[in-house]
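Okay, so here's the structure we're looking at.
When the chains are written out, they are named A, B and C in that same order, and each has its own residue count from 1.
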Amino acid sequence: MSDQTATSPVTWHAWLTTTSPESRRQAKLGQLYRQWLAFRKNPAAVAGLVIVLALLLLAAFAPLIAPHDPLAQALDQRLLAPSAKHLFGTDALGRDIFSRIVYGTRVTLVIVMLVVITVGPLGLLIGCAAGYFGGWVDTVLMRITDVFLAFPRLVLALAFVAALGPGLENAVIAIAFTAWPPYARVARAETMIIRNADYISAMRLQGASQMRIVLKHVVPMCVPSLIVRTTYDMAGIIIIAAGLGFLGLGAQPPIPEWGAMISTGREQIFDQWWVATFPGIAICVVALGFNLLGDGLRDVLDAR
Amino acid sequence: MSTNSAINVDKLNVSFGDSHVVKDLSFAVEPGESYGIVGESGSGKSTVLRVLAGLNRDWSGEVDILGKRQPKVRDKAFYRAVQMVFQDPYGSLHPKKTVDDTLAEPLAIHGIRDAEAKISRAMQDVGLPTSFRFRYPHQLSGGQRQRVAIARALVLEPTILLLDEPTSALDVSIQAEVLNLLQALRHERKLTYILVSHDLAVVGHMCERLLVMQFGRGVEEMTAQTLAARAPQTAYAQQLLTASEGFRRAG
Amino acid sequence: MNATSEQALLTLDDLRVDFHTPTGIVNAVRGLSFTLGRERLGIVGESGSGKSMTGRAILDLIPHPGVVTAKRMEFRGKDLTTMDKASRRKLRGRHISMVMQDPKFSLNPVQTVGDQIAEAYRVHHKASAREAKERSLSMLEAVQIREPGRVYDLYPHEVSGGMGQRVMIAMMLIAEPEILIADEPTSALDVTVQLQVLKILDDLVTSRGMGLIFISHDLHLVKSFCDRVIVMYGGKAMETLPAGELDRAQHPYTRGLLGCLPDLDHPRETLATLNRDPAWLA
């Protein structure tokens, strides 16, 4: 590219889709760009992405978007129906539900991100190690995985929270403990297929150490399916977090966690339906968004 | 069996569980020679190559390479001397690494400096244009991938190259180019080749001597001239030769 | 050189197969014409030449987004281009059949081989299970499988490559089609097994008076097995000639292809390589 300053879309597109990239960066960016182009063609996937981006934006700009303080109680304005002033109405303590939902995106995001960041890499490494080394390493790691897999997620999460006490951080730990086994299982299955590939044999033939092969060659092949599963899982994590919140075991009041909001609103569900319904819709929409995004990513990254 | 052989195999036996895949195999390859191993599926020919490459540990017998008795697990220095090219051009390159990554990796593992120049040189030697340097394998044709595989094998400057059906998966016209490339490289660098193939014509073209294997045993060793003269001594070798000539309709 | 029209089992005129992909149209077959009589017709080409697509187009097995068009596509006088999907489907297996390359992938792994052959029979003929089994057993004998009763109950992973291919042939010929399309039927087999399978195929095709389209990349094989050969490149036929005359082929692509094969009888230092003339694709 002789004209460095031209940043019109035509030039960028040509630079990214050239068949002869001139640097590693150009090649990598070109790959990502092609994946983006493929992703864009799927309307459901784009819808999912939009929802997730909206979640991120709401969380980032909550103070600017929420019209009221989510924690401000106004006992003379309890249980008001949705109106121009209170888009989603008010709850039993007069707090604006819309603002609480907007701030609730932060809580949701924190839970989801913390879980995913710990669980994804952990499950991946355990699974890849078990799959590549086999033998007793495989047996030990997989039996540990089996123990965690044997428990129903919500029950195990409840047990942890009961032991550790309620609260946001403990809810995250509890969910994380139950979320990692499937990743390990899947990473192991993929690794067992990959380890027989010629390109892995070729790496051994170059004198690469086992560590190097696993970390630099096996793990990158497992990452795409990990990303897809993580995205799908986020929907499940949100629902479990909401479940914990509903039971009073997650984020404690007055933190505007959506599950807890449904719980406090269930008494009024017939007369003041908005108190429980809007948080419920928020959970549905976000879970759906992650699912659609996961579908779209799977078609692009992990197509079979 | 001279002690100056590049490769000396004595009474090699390989078993996977209950199946005895290679039985009491012995042969020797001279330095600078191109030695072929021919057989059908189940003959054990690819297994022999994998044992020589150190990819397989379930063997017994004696394997000497470049004068040294080889253990089951090979060290890094071994891989500077012996390299392998695999059959399937679609499986032998890591799908997520560019050509540059693939060629840089062995150099990084062995701490060889001046990687930049060596990579350019390797690509040139196998006839790949520099514009391909940052392509991914799925952006290359089968023949181009095989060239990358050959470049990868040669970038460490080995003296012995093990070739496992290197052109079986390629179109005939591409096969000709790749075989010519392998011949040229062998002459330039004085390499020793062991070429495994099911295709007698390819082995007859590329090799000076060849071994016919069947069901894990070495059946007959002969020169390329004997093969061309259609004068093998064993019935099985004759059978293979006849079969490779094509279909004969009775009457 | 064409078969005479009263004998022609299949007539193709200007067959085109185009794939409408998001990044543009891919022309897999570009104007192929030939007729097939009761003979062995070989279609030879490298990968991407369109030879496999031709076979699938005849059977209406081209997947989306492929589109098949032709000026004429007739099976025994019946126009295939205007036929509805259901009628095309009835032709498949009953009148025109296909044997594919690798029995590992073309046989159903969870059904015994005998059941698969029997099912192939019952798809096209009203028959009881017992009658279908008897016919399957006699078909297994016809492809020279000893102990057909024992092999009937085997699963595909329990039979060797050559046997699996013979099972495929049995399955595809049990409904007694008039045309068999064989797409690289022996490429996945060892060279000694190849000849056995080809002989069985040859005998069956001859004794039943069938037409055979033999698709392959192997020039030598096609030269020795077929009566006529079409050489394809880039979706078009470069040359059509009797198999016996292949050594005296005129087209530079065919000559180039023959020239780059290593030959035990004519050893050379370097193999001739093919210079692809863009004019061939025009």
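Simple rule for what comes next: a contact is a pair of C-beta atoms (placed from the backbone, for glycine too) under 8 Å apart; a residue touches a chain by one contact, two chains touch by 3 or more.
What you are looking at is a predicted structure, and each value in this text was computed from that prediction instead of being measured.
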| item | value |
| --- | --- |
| Co-neighbours of subunit C and subunit B - touch as defined | none |
| Longest centre-to-centre distance from subunit B, chain (CA-based) | A |
| Distance between chain centroids, defined by C-alpha means - subunit B, subunit C (Å) | 33 |
| Centroid distance [mean C-alpha coordinates] between subunit C and subunit A, Å | 50 |
| Residues of subunit B whose C-beta touches two or more other chains | none |
| Multi-chain contact sites of subunit C, meaning residues that touch two or more partners | none |
| Where subunit A touches two or more other chains at once, by residue number | none |
| Subunit A contact footprint on subunit B (complex, rising order) | 53-55, 75-76, 78-80, 83-84, 86-88, 91-96, 98, 100-101, 105-106, 109-110, 131-136, 139, 149, 152, 156 |
| Residues of subunit B touching subunit C in the complex | 40-41, 142, 171-173, 175-177, 179-180, 183-184, 198, 200-202, 204-206, 224, 227-228, 230, 239-240, 243-249 |
| In the complex with subunit B, residue positions of subunit A that touch it | 19-24, 26-27, 31, 197-199, 201-208, 212, 217, 220-221 |
| Complex contact set, residues of subunit C against subunit B | 46-47, 161, 190-195, 198-199, 202, 217, 219-221, 223-225, 256-257, 260-265, 267-274 |
